[in-house]
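Below is the structure I would like to discuss, written out as C-alpha cells.
Each chain gets a letter, A, B and C, in the order it is written, and its residues are counted from 1.
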Amino acid sequence: MGNKNSNASSRRNFIKKIASGSLITVSGLTIYSVSSCEKSTEGEKATLLTPDGKLVQVLKSEIESFELLPVSPKESRKGIPGKKFVMVVDLAKCKNARKCVKHCDKHHNLTPDRPYIKVLEMKDNEKSAPYWMPKKCFQCDNPPCVKVCPVGATFKRTDGIVLIDNERCIGCRFCMAACPYSARIFNWATPPNVDEDLSYSPETSIPSKIGTVGKCDFCPDMIRKDKLPHCITACPNGVLYFGDEIDDTVTNGEETLRLSTLLREKAGYRYLEELGTKPRVYYLPPVDRLFPFNKENAKEEES
Amino acid sequence: MKKSIPEKQLFNSTKERDLLGHIVKTSIRYKIWVAILLLFIVFGMYGYYRQIRYGLIVTAMRDYTSWGIYISNFVFFVAVSLVGSLFSSILKLNKNEWAKPLIRISEIIAVAAIICAAVIIIIDMGRPDRFIYVFKFGRIQSPIIWDVIIISTYLVISFILLYISLLPDIAICRDRLTAIPKWKKKLYKIAAINWSNQPEQVLIIKKIGRILGITVLPVAFAIHTVTSWLFATTWRPGWDSTNLGPYFVSGAFMVGAAVIIFAMYFVRKYLNLKSYITTTHFDHMGKLLVLLSLVYFYFNINEYLGPAFKMVGVEGEHITELFVGKYAPMYWLVQIFGLVLPIVFLLFKNLRKPVPIVIISAFVILGAWFKRFLIVIPSLQHPYLPIQGVDESYLHYIPTWEEWAITMASFASLLLIITILIKLFPVIPIQELENPIEETSNESKKLKNEIH
Amino acid sequence: MKYIKYLFIRVLKITTLVGLVFMSTTQIYAQDNTKEDALISLDFTEKNNIKTIKATVTNKIGEPVEELDLYFFVKRTFSLLPIGDVFNTTDENGEVEVEFPKDLPASDTEGSVVILVKILESDLYNDLTVETTKKWGVPISDKEYHQQDERSLWAAAANAPMSLIVSISIMILSVWYVIFYILYKLYIISKIKPSKL
C-alpha cells in the first residue's frame, strides 16, 4: 500500500512537475513572443573594413550614426552626374502656410529679414483673383547672375543648380542687380547664431559670412542623401514638387508624377519666360483653387 | 618744420614768376585749405572704419536698394575723368588754340578723378579683403572685369598724357627753381628724365603726344560706355535701355566742361593767373558747355520719351515716380537747374563772364551728381516682383551719415590730389608759351634733315 | 472532505493550466497576422512595340488570388513613380496586366529601369515587394550623363566664349602696345644727351 501510494504519489508528482513545467514553458513562450515584437539588436555585430584593409567585427551599438560631411567648395562646382533638377509649384494649392519659409530659415540659419523663399501675394490684373506665389531662386539655365559675377563666386553646375561660394564672393552685389526675380539676399551685417565649427560648403550655404550674398540652393546636401529639400517636405498642402528632368519625375513627398504629364495637363509655365533666363522652376496656374484667397492667413501663421 | 631756404629765388621773367611762384611760396591760405580737406578725409575714414567693423549694415543699402550713393558717386567720378580726353584729344586735334593753357589742369583733374573712382568702388565692396580675387579669379565675361581693365588702362594713359605735357615744364622747374627744399629738387631732377630741349627730344615728344592724343579718345569713350554697361546688362527699369552708353558719355563731357570752368575760376583767382586764363577762355568754355549740354539734352529726351510713351509695367512705375512721384522734386530740379536753364543762360554773352559762369557751372555739377543718384537708386526700387513683407526701411533709401562722410571724403581726396599736383607743377604750360613746340611741317622737316 | 479539497485544488490547477495555455496560444495567434503570404510572379512581354508586365498572384498553396489590388512602380531619383491604371486588380486567374510607358527615361545610359510590384495594405495578404531591373527605359544619352561644359557667357572663367576672348585680347593688346611704345620713347628721351653747343 505504501509502495503503491508512493508510486502513485511519485507519478502524480511527476505529472505535476511536467504540468507546471509546461505551464512555465508556455507562459514563458507567451512572454517571449510578446516581447519579441520589438526585436533587440543587442549583442549584434557588424563587419567593418578598417583603413588598413583589415576586417573587424564591431558591436553595432558602438557605431555612431555617420553623417556625410558636406562637400568642399571645389567639389561643389561639379554637379551630381546624370541629373538635372527641376521644381514645380502648384499655385492652386498654396495657402500661405509659410511652413516652407520656416523650415528653410531654420536649416539655413536665416533671420526673417533674409529669407531664401518669399511667398508673395500676386494679382495678375485688376479683374483676376489674387493668389499666393512662393518664389525662390529659379536656378536659371541662362543665369544673368552667373554671367555678371566678376570672380566666379556664383556658378552653374551640370545638374542645373546654381550655387554661391561664400569664400570667394567679394560682395560687389552685381548679381543682385542683375537678377530680375529679386532672388538673392545679402549679409549686410554679421549673420547671427553662426556655428563656426561647421565646415563651410556651398551645398549647405552655412555658416553664412558677412559681406556675401546668399540664395536658395535646392539643398544639394539633402539631394546627395536621396532626400528631398526641406521646403518640399515641410509644405502641408503639397504645393512644391521636386524632381529630375532627366528621369521626368517630380514628387511632393506624397504623390509622384511625370513632369511632362503634369506640365502638359495643368499648363505649366515659367515666370517671366520672355526674359530668356530659362528658369528651372515651373508654376501651375491657380485654377480650381484648393483654398480661397485669404489675406488673414499670413497673420495667422506668423502669430 | 620750417624749411630753411638758403637761396633766394630769382625769376627770369614775369611769366615765370606768375607760373612758378606758387611752387616756391606756400601761403597760409593753402595750408588752411589742405587742413580742411584733410579733416574731411579723416572724418570719412572714421566712417569707413565703422563700415569695416560692422559691415555694410551701417549704410542705408538693403536687399532691394543694393547699390547706393557709392555707385552713383563712382559713375560721377568716371564721368568727370573724361575731361582729360576732351582737352588732350578732341580740342587739341581740332586745333582749338585757346584751349591749350587748360590742357594741364584738365589732365590733372582726369587723373585725380579716376584714382578716386577706383577707391570709391573698393569702398563699396562687401569684402574688400578679397580684392585680389578680382585679378586671381577674374571672369572675362563679367562687365565688372571689363570696367577694371578699361579703368586701369585709362588711368595709365591719362597719367602719361599729363606727364608728356608736363615734361618740358618739369625741366624748367629743375633748372630755374632754386628756393625749394631738397626733396623737390630731387623730384624734378628725376622726373625730368634728362630733358634738355634737344630737337630730337622735342620731335619725339610731339610725336608721342599726338599718338596718345588719338589713342585716348576711343579709350575715353569706352570707359564710360563700359560703365554704362554695368547697368545696361540688367533688366531694371531705366537701366534696360540701349541708349545708356551715349547718354552716359554725353553727360560725362558736359559735367567735365563744367568742372573745368569751376577749376579755372579758382585757380585763376588764387594763383593770380588773370592774364593767362582770360575772360575769353571763359567765353569759349561757356560756348563749349552749351554745345555739350545740348547734346546731353538730346540724349535725355531719347532716354525718357520712349518709356514714358509706352508705360510698360515696372518701367511705367519708374517713370511715374520720376515725373510725378517720390523723386519728382529732385528730378525736375536737376533737369531744370542742371540742364535746361544753364543752356538758356549761357547763350548770353554777359553770363559767360567768370563769376556768373562759375555759379552756373556749380549748378551743373550739383545737378549732375544728383542725376547720377536718380539713375542708380530709383531703378532698384522697382523690381519685377513686388516688394512685400519687408521692413519699412527697405522701401526708402536715405543715405546714412557714414555714407555721406565717405562721399565727402572722396570729394576732399579729389580736391587734395588736384591741389598737390597744382602746387608741385606749373598749371599753365610754360614751355608752350616760351618756345612754342607747335611748328609748321616745313620746320620739322628742316630739323629732321639737320639731325641726319 | 480532504479528498474534495484535493480534487478542487487539482481542478483549479488544471483549469489554470489549460486556461493559461489557451490564452497564450490565442495570444500568440492574435499577434501573428491572420493574413497569408502571397507570391507574385512577373512576366514581361513586348509585342508590337508595346511593353506589358503581367503579374500573377498565387497564395501559399498555389491557388490564384483574385480581387487583389497590386501597385506597380518604377524607381526614380527620390521616390517611386506609379505606372498602370488607378486600380490594378487581379482577375479570377490571379493575373493583372499593366502597360509599361513607351517614353519613360531610364536610370542610366543602358536603358535600365527598376520595376517594383507591391501588395500594400491588403486585408488578406501580407505586404510584399517584388523588384526587378529591365532594360525597358529610354537610355539617357551619353551627352546628358556626362555633361561637358560648353563655352558660354555664364560658364566658368576658363570657358568664356571664344569671340569674347579674342576681341577683348585684341583691344587690350593694341592699346597697351601703344602705351609700352610710348614708355619706350620716353626712355629714349632720357637717353638723349644734351648737345655741346
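Convention: a residue touches a chain if its C-beta (ideal position, glycine included) is under 8 Å from a C-beta of that chain, and two chains touch if they have at least 3 such contacts.
These numbers come from a predicted model, not from an experiment.
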| item | value |
| --- | --- |
| Chain contact topology (line, ring, star, complete or other) | complete |
| Of A-C and B-C, pair with higher C-beta contact tally | A-C |
| Chain occupying the most central position, where position means C-alpha average | A |
| Computed distance of Cα centres, chain B from chain A, in Å | 54 |
| Distance between the centres, which are taken as Cα means, of chain C and chain B, whole angstrom | 63 |
| Distance between chain centroids, defined by C-alpha means - chain A, chain C (Å) | 16 |
| Chain C, residues touching no fewer than two other chains | 153-157 |
| Touching two or more other chains - residues of chain A | 147, 152 |
| Sites on chain B at which at least two other chains make contact | 137-139, 141 |
| Partner chain C, residues of chain B touching it in the complex | 137-141, 146, 149, 153, 156-157, 160, 163-164, 167, 193-196, 198, 200-201, 204-205, 207-208, 211-212, 215, 219 |
| Touching residues on chain A, where the partner in the complex is chain B | 113-114, 118-122, 135, 144, 147-152, 168-174, 176-178, 180-182, 184-190, 210-213, 272, 275, 298 |
| Residues of chain A defined as touching chain C within the complex | 16, 19-20, 22-23, 26-27, 29-30, 33-34, 37, 77, 79, 81-84, 142-143, 146-147, 152, 155-156, 158, 226-228, 242-244, 246-249, 251, 253, 256-258 |
| Chain B-facing residues of chain C, complex | 153-157, 160-161, 164-165, 168, 172, 175-176, 178-179, 181-183, 185-195 |
| Footprint of chain A on chain C - complex, ascending | 13-14, 16-17, 20-21, 23-25, 27-28, 31, 76-82, 104-108, 140, 144-147, 149, 153-157 |
